[in-house]
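Next come two complexes built around chain A: one with chain B, the other with chain C.
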Partner chain A sequence: MILEEPIKGVPLVKNFIDGEWVESKGEIRDVVNPAKYEVIAKVPISTKDEIEAAVEAAKAAFPDWRRTTPLARARCLFRLKELLEEHFEEVSRVQTQEHGKTIDESRGETRRGIENVEVACGVPTLMMGYNLEDIATGIDEYLIRQPLGVFGIIGPFNFPFMIPLWSAPYAVATGNCVVIKPSSEVPLSQMKIAELVDEAGFPPGVWNVVNGGRTVVNGMLDHPDIQGIAFVGSTPTARDVIYKRCGEMGKRVIAQGGAKNFMVIMPDANVRATILALMTSFFGNTGQRCLSGANLVIVGEDDGFYKSFMDAVVATTSKIVIGCGLDESVQMGPLRDKEKKEKVIGYIESGLQQGAKLRLDGRKNIKVVGDYPDTCFLGPTIFEDVTLDMKIGSEEIFGPVMSVMRAKNLDEAIEMANSNLFGNAHAVFTASGKIAREFQYRVTSGSVGINIGIVAPMAFFPFSGMKQSFFGILHTQGQEAVRFFTESKVVIQRWF
Partner chain B sequence: MAKMIERRRVHCPVKHVSVFILKWDDGSSAVKCGDLRSCGDSCPYLKDPNYKSPFRRAPKYEPE
Partner chain C sequence: MNLQTASAVISFAKSLEDESAKFYQDLAQRYAEDKDVLVAFATENRKNIVQIERAYYGVISDAIEGCFAFDIEPDAYKLETALAEGTSYHDALGKAIELEEKIVKFYADAAEQSKSLMADVPRAFMLIVKKRAKRGTELRSLLGKEGQ
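Let's turn to the complex of A and B:
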């Protein structure tokens, strides 16, 4: 069944500044639904003046908002949570319409986003400090957490609803004000959230959204009143732009970058359950996520196990149903746009040039359910005989491509994973607790999966990352987000 | 008074939350879910307490 689209006509997206919907004076671009390859909205590329107006509004709102009690701030978040639940299906369909992912993936994304609002509702407890009496005779010491002011939040295209919610609820819960810049490719989910924020009773200026591109990002980075940035996107931007400029400007920073996740298969793994997990890991969200499996490492010298496992992987992958995400039977949607599809095809071609064996070619015979142009659709691709020096074995593809390698033993598999520049979410599939512990202990990865293909930390755990996958110290989500958005102030007191 | 004969937790595919299905020996049933108010009559478990979504996120591997 094809679900009804919530975005009708071609609306012009506005900025949300100081509690008002403001039309931008910037250049206007198209927002394209990749499944139908049709324009569904127009988005502005906002100007420097517009980002400055948003920061001014946030700065002006800060003194009153920080004096609002944590309990009262939490009540606004409780209302937002209720409104998000009421609009659950609508916001999920908006994500599918603007991004292309399946409706099931969008519903999952909505749930994960709401969970962050729920966790942030616990701010009166999360924000508590601690104290110790009598650090010296008659002297006490205590720590309080205080908000800092205005924070910038920059979202990527792959999770338009959820990723800004890894940060924004904690920022405002702790008494800060935010300016959010969604990806200009997928701005509609954040517009919908801003509408609900307004309805939830947040005062003007606490939650602002400015659409755009580099001008807005640079405006945030250069603005002296922005205390810190939470960014999720590519590694070059995270490392060379966001992290670097925040360092130069003395801002706090969370800069989450790319990934190349290794899924290590031990010979004792439960084959049926592992293959099911691998399908959603490698091909869920059409491979466009930093938690996707990228390299499949099959351990052991048993050619029989390797062959039977790979035959099963290929046979199962071939059955994935591709189509428009609003068709509830579909298991994989299109790539976000034509350029991203071409980039993935470029990687497939490089794999062939560098000698990998193409076992399943996603470029050919793409069977799209329904009458949709194949402009952004690409089938799942599987390469065997991949080596670590190949581009498809080392670089982030961000598409539905599985690169298969072999390792003699667990040591070699861990060395392979650790030799990669990224360290986001490696996983092992095994029935052995000893192997699992060894893998968890030695692998250089912010999140580690044990028989889990998509190692997505829940809202009350940090979304970690190591090496070129993360730049900063504290992470988004949960307690770490609360610490990121607050200063630890220590008071030592004595009364005469 | 009817006796409760089943208390089952299921994963709702619509809201991605845990839902509790209760059944009594007089044939009646109830849905306990924090989202029931927002879902209203569209809740599939209200219509059929044995509802199972036909959707599968990925194809299953079926060994021969």
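Let's turn to the complex of A and C:
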């Protein structure tokens, strides 16, 4: 069944500043549905004045919002949660329309986003400090958490709905105000959320959305009234722009970057379940996520196991149904745009040039279900005989490409994973608890999967990352987000 | 084409529930003998849809194997719900039993395929298997009563 599209016509996306929908004076660009390769909306590239107006509105709203009780702030979030549930299907389909992902993936993204709102509703408890009576006779000491002011939240293109919700609910729950910049490629999900924020009764200025690009990002980074930035995107931007500039400006920062995740397969793994998990890991979201599997490392010198496992992987992969994500039969959507497709093709070509064996070529015979142009579609690709020094074995491809390697034993597999610059979400597939523990103990990645292909932390756990995958100290989601968005103030008191 | 995604399987389950609800409503209109029981079956079908949707929308996540959890051949569970003019109540009940057996098989197969991947959905499916198995017994008892 093909589901109905929620976005009709070609709406112009506006900024949401101080509780009003404001038309930008900036350049207007197209928002393209990658499955149909048609324009579905227009988005502004907002100006410096517009980001400043949003920060000004947020700053002005902060004193009253901060004084609003945590209970009352939580009630706004409860209303937002209810509205998101009511519009669950609509916002999910918007994600598919603007991003291209399958409807199951979009609904999954919606659920994960809502879970962050749910967790942030617990702010009266989450924000509690602690105390100790009689640190000296008659003197008590206690810690309170206080909001800081205005925060900037910068989202990527791959999860247009969920990723800003890793931060924004916690920021406002703790009494801060936010300015969100969605990716200009996929601005519609955040527009929908802002409509529901408005309906939920948040005071004007608490939650602002400014669409755009570099000007808006620089406007946030340079603005003295922005206390901190939560960013998710590429490693060069996270490291060289966001983290660096936040350091110079004295801002708090969460900068989540890229990844190259190793999926380590032990010979005792449950083959059927592992292969299905690998399909989601490598090809879910068309490989466009920082939790995707990138390198598949098959452990052991048993050629028979390697061959039968790979035959099964290739057989399953080659049956993946590709098409428009609103078609319920589709298992993999398009890449977000044709430039991203070209970039992935560039990696495939480099793999061939560097001597990897192309077992499944996603460039050829792309069978797209339905009558859609193949502009942004690319089939799943599998390389064997990949080495760590190849570009496809070391760099983040961000597309549906599986690079297969072999390791003699677990030690070598862990060394291979740890030699990579990134450290986001490595996983091991095994029936052995001893092996799983060893892997978990030694592997350098912020999240670790044991028989899990997409190691996505739930909203009440931090979204961690190590090495070149993360820059900062505290993380998004849960308790750590509460810590990030508050200052710990310690009071020592004595009464004469 | 086989149903492989969770979304497609949930839609298919809903269509089975809808179709069978219409079938029982039709039976209830045609055969007054056990009208209340048949209407109750139709009502329960609608509750089943709510139960399935609640499980699916509650558990679906970008991290689980939603697009790869199933391999269901829909034609294997195609329902025969048309009743010819003049069909006896006895034959209609026989058709209802066949229909229930097919639906039970669908839910059991779908639950088996996805049990290690998205636990809440197969659990919801198995709850419906239990309910429908009970319904099958009830239908057989109506058939027995009819035969006397």
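Just so it is clear, the second predicted complex is superposed on the first by the 496 of 496 C-alpha atoms of A that agree within 3 Å, B and C clash if a C-alpha of one lies under 4 Å from a C-alpha of the other, contacts with A are read in each partner's own complex, and residues count from 1 in each chain.
Here is the rule we use: a contact is a pair of C-beta atoms (placed from the backbone, for glycine too) under 8 Å apart; a residue touches a chain by one contact, two chains touch by 3 or more.
None of the values given here were measured: they were computed from a predicted structure.
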Exercise for the section: Answer with clash or fit: chain B and chain C placed together on chain A by superposition. Expected result: clash
Problem - First, second, both or neither for A:Glu328, with chain B first and chain C second - result: both
Practice task
Using the superposition on chain A described above, determine whether A:Arg406 touches chain B (first), chain C (second), both, or neither.
Solution key: neither
Practice task
Could you tell me if A:Thr280 is touching chain B, chain C, both of them or neither one (first, second, both, neither)?
Solution key: both
Handout entry: chain B versus chain C as contact partner of A:Lys181, first or second or both or neither
Key = neither
Practice task
Could you tell me if A:Lys260 is touching chain B, chain C, both of them or neither one (first, second, both, neither)?
Solution key: neither
Practice task
Using the touch definition from the top, say if A:Asp104 reaches chain B (first), chain C (second), both or neither.
Solution key: both
Exercise for the section: Please indicate which partner A:Arg336 is in contact with in the superposed arrangement: first for chain B, second for chain C, both, or neither. Expected result: neither
Practice task
Scan A:Ala312 for contacts with chain B and chain C and give back first, second, both or neither.
Solution key: first
Problem - Partner chain(s) touched by A:Ile454 [first = chain B, second = chain C, both, neither] - result: second
Problem - Set intersection of chain A contacts, chain C complex versus chain B complex - result: 88, 104, 107-108, 111, 276, 279-280, 284, 321, 328-329, 331
Completion exercise
chain A partner, complex, touching residues on chain B are 13-17, 35, 38, 54-61, 63
Practice task
Using the touch rule from the top, collect the residues of chain A that touch chain B in their complex.
Solution key: 85-86, 88-89, 104, 107-108, 110-111, 271-272, 275-276, 279-280, 283-284, 312, 315-317, 319-321, 328-329, 331
Handout entry: In the complex with chain A, residue positions of chain C that touch it
Key = 1, 3-8, 11, 57-69, 116-117
Handout entry: Touching residues (chain side chain A, partner chain C) in the complex
Key = 1, 88, 102-105, 107-109, 111-112, 159, 162, 273, 276-277, 279-280, 284-285, 289, 291, 321, 328-332, 452-456
